[in-house]
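Okay, so subunit A shows up in both of these, paired with subunit B first and subunit C after.
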Partner chain A sequence: MNKRVGIPQALFYHRYSPAWKAFFTELDCKVVESGQSNKEVIDAGVKLAPDEACLPVKLFLGHVKKLQNQVDYLFIPRVVSIENKEYICPKFMGLPDMVRYSINDLPPIIDTTIDLKTKKSNLVKSVLEVGEVLDKGYWQVSKACWKGWRALKKHRERLREAKDDDAQYKIAILGHEYIIYDSHISMNLVEKLKEMGVEVVTPEMLTPQAMRVGLSNLSKDMFWTLGKKMMGAAHYFFSNQEIDGIIQLTAFGCGPDSLVGEMIEREAKKRDGQAFMTLNLDEHTGEAGLVTRLEAFVDMIQWEGV
Partner chain B sequence: MKVTFPHMGTMSIPVKSMLKELGLEVVVPPPITKKTLDLGVKHSPEFACLPLKMNVGNYIEALEQGADTILMGGGVGPCRFGYYGEVQEEILEDLGYDFEMIILEPLQGDWKELFKTIKLLVGNIAITKIKSAWQKGWAKAKAVDQLNRIANQTRSYLINRYRASEVYERGLKLIRQAETIEEVETKVGLIEEEFNNLERDEDFEPLKVGLVGEIYVVLEPFTNLQIEKKLGEKGVLVDKSIYLTDWMEGHLFPSFLKRDQEGKKVKEVAQPYLNHFVGGHGLESVGETVLYSQKGYDGVVQLFPFTCMPEIIAESILPTVSRDLNIPVLSLTMDEHTGEAGYVTRLEAFIDLLERKSRKEKVI
Partner chain C sequence: MKGYMGVDVGSVSTNIAIINEEQEVIEKLYLRTEGQPIKAIKKGLMEIKDRVDCEISGVGTTGSARQLAGVIIGADTVKNEITAHAVAASTVVPGVQTVLEIGGQDSKIIVLRDGVVVDFGMNTVCAAGTGSFLDQQASRLNISIEEFGGLALQANAPVRIAGRCSVFAESDMIHKQQLGHNVEDIIAGLSEALVKNYLNNVAQGKEILGPIVFQGGVAANEGIKVAFEEELGLEVVVPEYYDVMGAIGSAVLAQEAVNEKGRTDFKGFNTTDFNYHASSFECEGCPNSCEVINIHQGDEVIARWGSKCPKWEAV
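Let's turn to the complex of A and B:
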């Protein structure tokens, strides 16, 4: 029987899921996803996590709990760094340990360290480590890795192609993928905006060139990959006349966001011509309140005629 | 140029004399008060960690007193501290202050960068001058840490426990005023003797509690609401796992100068629970807790600022360590809303728990 590998549908799932799915499928595993977030998942996570943990981590624990009895392995890599000389966030580095000591009776965790801080080729090492756990040979693993990479590339190209020509306004959304694309935490924000006749742009839709343009505006280098990406995207959006407004989504308790978000907000206040709003999301955020704020935001753009 | 820098416990004593020795005019921020905190909270991002807010409060008060250059530490991640300087600069600029911010990035095997920063600060200066400034600062840093250690070791045994803080404060003052390294050493000896002469209850067996956690909160009495004093005066022997000089040795010195055997050991004992460094002092908090249990301590208190990322990881692991090694751990999150009464109640409850546990173990 094929081994069942569980992937919690939170955090980096939203960035790498096509690659992970292709990779494990190629290794003759059955990929089990925990499904979309919902109230029960969040409640379970809140109960398991320390009070001070950020919303995304609480949610992650909820997803793990949901998968607990359905799989043979859990895939929770220790992602230290995905770019040269940069980090993600301390919590990604301790994630497998946090999970292990917060939930009892878990299936074995595949907690391979992914550390590309010094060189990209470290990925090969990590991938082979996963293969070893699953008892797969070198060639099969290499092939799976290649397939995973291809799937990811295709997925990203598809994201960039998404366009809506009928939309009246264009609003950019800044925030982590695991917030924007989690329809429960973000309360379907993207869909809601689309229904209001707005075209939505997310940082993932930017081409590498656009990102470079944005990043060139940064005065100082930043050591968080995600934070840096957000700053770069923000600067690109600021200088892009087509963007009518920017909505920044931050998660309650997110460490890097508390500083990066502040820097972006301060920069936004110095400029005019674009509406800017920050929404801080947590497990208590009410949908009605969010809709009201979105409507007000779109109305504002309409009235200002920007 | 009038240089200032943020407070962190007794750090201002060595840093001030070091900068003075380099020929700079120094404005030490006024001691931290409620007003400092309020200023910091008002102007900082809501979810930033407490040390950032306290720093901003320090800067504002120092800038109001005429400082025009701020000296701050940097970092390369993943803890937020490495980005403090940039954010704080932005905040103060938006407030309309006119100043220069110099951020000391940690040595990444590149001495040139460090010299560039020093040059920016003091212009062309003889290397011997830098060396003597460093030596003097280091002597004072060692001295204040030693006094702190002695005070913590002595306090709980005293007949009149309140005397310990009096002597300690006087000692700090003497070291602050000391002009030469020799004078620092004599003063330390003097205070040490004074501590030894205090009347003590030799038969008393205090409970022993170790402090672990995020460095700023552990070292700054204002933010930890004087936990050492509070516990000590209740008859608990307190040991801090982090001192400024230890931290500097571990993080600022190039590796060939390190005598850091302790650091390796911490990593080793933490390994079964946390197998990777997580920035800040997360790994150390886990490792030191294991070490305290090995040294026979009765309990451990973990202190950290609200939303501190590395310590949250440690916090989620410590309950398992506590269960495995049978050592109670109290995790306390500090922020601007921490109320003293609630804090004291929790500490008292923790001490009661330790007392009952140790009594029970003795009977068995």
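Let's turn to the complex of A and C:
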């Protein structure tokens, strides 16, 4: 029987899921996803998580809990770095440990370390490690890895191609993909904007070239990959005349966000012509408050356009 | 004569304003919502009906119960309160550059330049309840809310009070009172604390330029107005109809909407003859457990909201 590998549908799932799914499928595994976040998942996460965990980590724990009795393995990589000389938020590094100590009686966790800080080829070591756990040979793992990479590339291309020609306005959303693309914590923000006749652009939709253009505005290199990406995207959006407004989504309890968010906000203040708003989300955020702010934001853009 | 009606149903007050075609206010009404928005809307409509003898050509609703009010009255436009307040301020005080609005539950700042909103801010959860907090404190001190603000002006040495959180503010106030400070100084201290908190929280990083308009229920509080002026070093204007500005803005928006549509959806004042009530249930279709609300007119369900998916959308 095929082994069932569970992938919690949170955090980096929203960035790498096409690759992960293709990879494990190629290794003759049955991928089990935890499904979209919902109230039950978030409530479970809040109960399990240590006090100081940020909202996305709390949510992650909820997803793990949901998969607990449905799978043979849980895939929770220890992501240290995904770019040369850069780091990911420390909570990602400690994620497998945090999960182990918060939830009892878990199936074995595949917690391969992914550390590409010194060289990208370290990834080979990581995927072979996964292969070892699942008892798969070198060639099969290499092929799976390649398939995963292809799937991810295709997924990103599709994201970039998405366009809405009927939309009246274009609004960029700045924020981690695990917030923007989680329709429960973002309270369906993207859909809500679409219903208001707005085309939504996210940092994921930017081409590497666009990102480089944005990053060239930074006065100093930043060593947090996620923060850097946000800054780069922000600068690109600032200089893009087609973008009518920018909404920054931050998660309650996110350390890097509190700093990077502030830096972006200050930068936004220096510029005219684009509306800017920050929304901080937590598990108590009321939908009515969000709708009021969104409506007012779109009104503001509309009003300026008249 | 033609009139346009704006209805602002907030957490603490329900306000109605009627304007004529020149956008002048011909009638206004300020009622307490008392936790029962449907009742307040009906009561407000019945009262205002007897006061005006003009034909209502358009209706707009705003405030946190704008949707509810919209279906009961038959609104031509249902707008968020930020937009409504901005529209009202720029109608009443042309050239306004900053709007400070403090209501019962929410407070906001709206920045306008050349008659156009360019930025706004709203309280996070923590700064909420400014108006209702003042209400609470007034009743704790057994002072009517109308006199409350005026007392601050008689203070000689305002005390320092932590305004960051209303729970701490209250314990600070009690502490000072037990030490023997007089009520005037405590109230003045509270006004200063609330203003500082507003400026650091809601208005954080916003460019505040004159003319400044201060509106919303709390603008009745003379002490807060003066505290704003002292803190900002600028004159703060409280417009004549400060307490119903949301309703005025909503009426102006209704006029625009009707001009565009060419008709009104207003159900008429007879809408108060019907019996409206709400019922709610928890949907068990998925783990989201949405709390769905039905709005009934008589036996008929006329609107429904609260669900995350379209399952309950059809009425």
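Methods note: the second predicted complex is superposed on the first by the 305 of 306 C-alpha atoms of A that agree within 3 Å, B and C clash if a C-alpha of one lies under 4 Å from a C-alpha of the other, contacts with A are read in each partner's own complex, and residues count from 1 in each chain.
The rule we apply is simple: a residue touches a chain if its C-beta (ideal position, glycine included) is under 8 Å from a C-beta of that chain, and two chains touch if they have at least 3 such contacts.
Source: prediction; values computed, not measured.
Superposition of the two complexes onto subunit A shows subunit B and subunit C fitting side by side, with no clash. In the superposed pair of complexes, A:K85 makes contact with subunit B only, with no contact to subunit C. For subunit A, the partner that touches more of its residues is B, with subunit B and subunit C as the two candidates. In the superposition on chain A, A:W303 contacts subunit C only, with no contact to subunit B. Of the two partner chains, subunit B is the only one touched by A:K220; subunit C is not. Legend: residue contacts after superposition of the two complexes on their common chain; A:E191 is shown touching neither subunit B nor subunit C.
When the shared chain is aligned, subunit C comes close enough to touch A:E40, but subunit B does not. Judged by the touch definition given at the top, the superposed model places A:E242 against neither subunit B nor subunit C.
In the superposition on chain A, contact of A:D28 is made with neither subunit B nor subunit C.
The minimum CA-CA separation between subunit B and subunit C in the overlaid arrangement is 7 Å, rounded to the whole angstrom.
In the superposition on chain A, subunit A positions 266, 280 are in contact with subunit B in one complex as well as with subunit C in the other.
Interface residues of subunit A facing subunit C in the complex, by the touch rule stated above, are 38-41, 184, 188, 265-266, 269, 272, 275-277, 280, 284, 288-289, 291-293, 295-297, 299-300, 303-304. Chain contact summary for the complex, subunit B toward subunit A: residues 45-49, 52, 75-80, 82-83, 86-87, 90-91, 94, 273-280, 282, 306-310, 312-313, 315-317, 319-320, 331, 333. For subunit C in complex with subunit A, the residues that touch the partner chain are 64, 79-83, 116-120, 122, 124-125, 205, 286-289, 308. On the subunit A side of its complex with subunit B, the touching residues are 49-54, 57, 78, 80, 85-91, 93-94, 97-98, 101-102, 113, 220, 222-224, 250, 252-259, 261-263, 266, 280.
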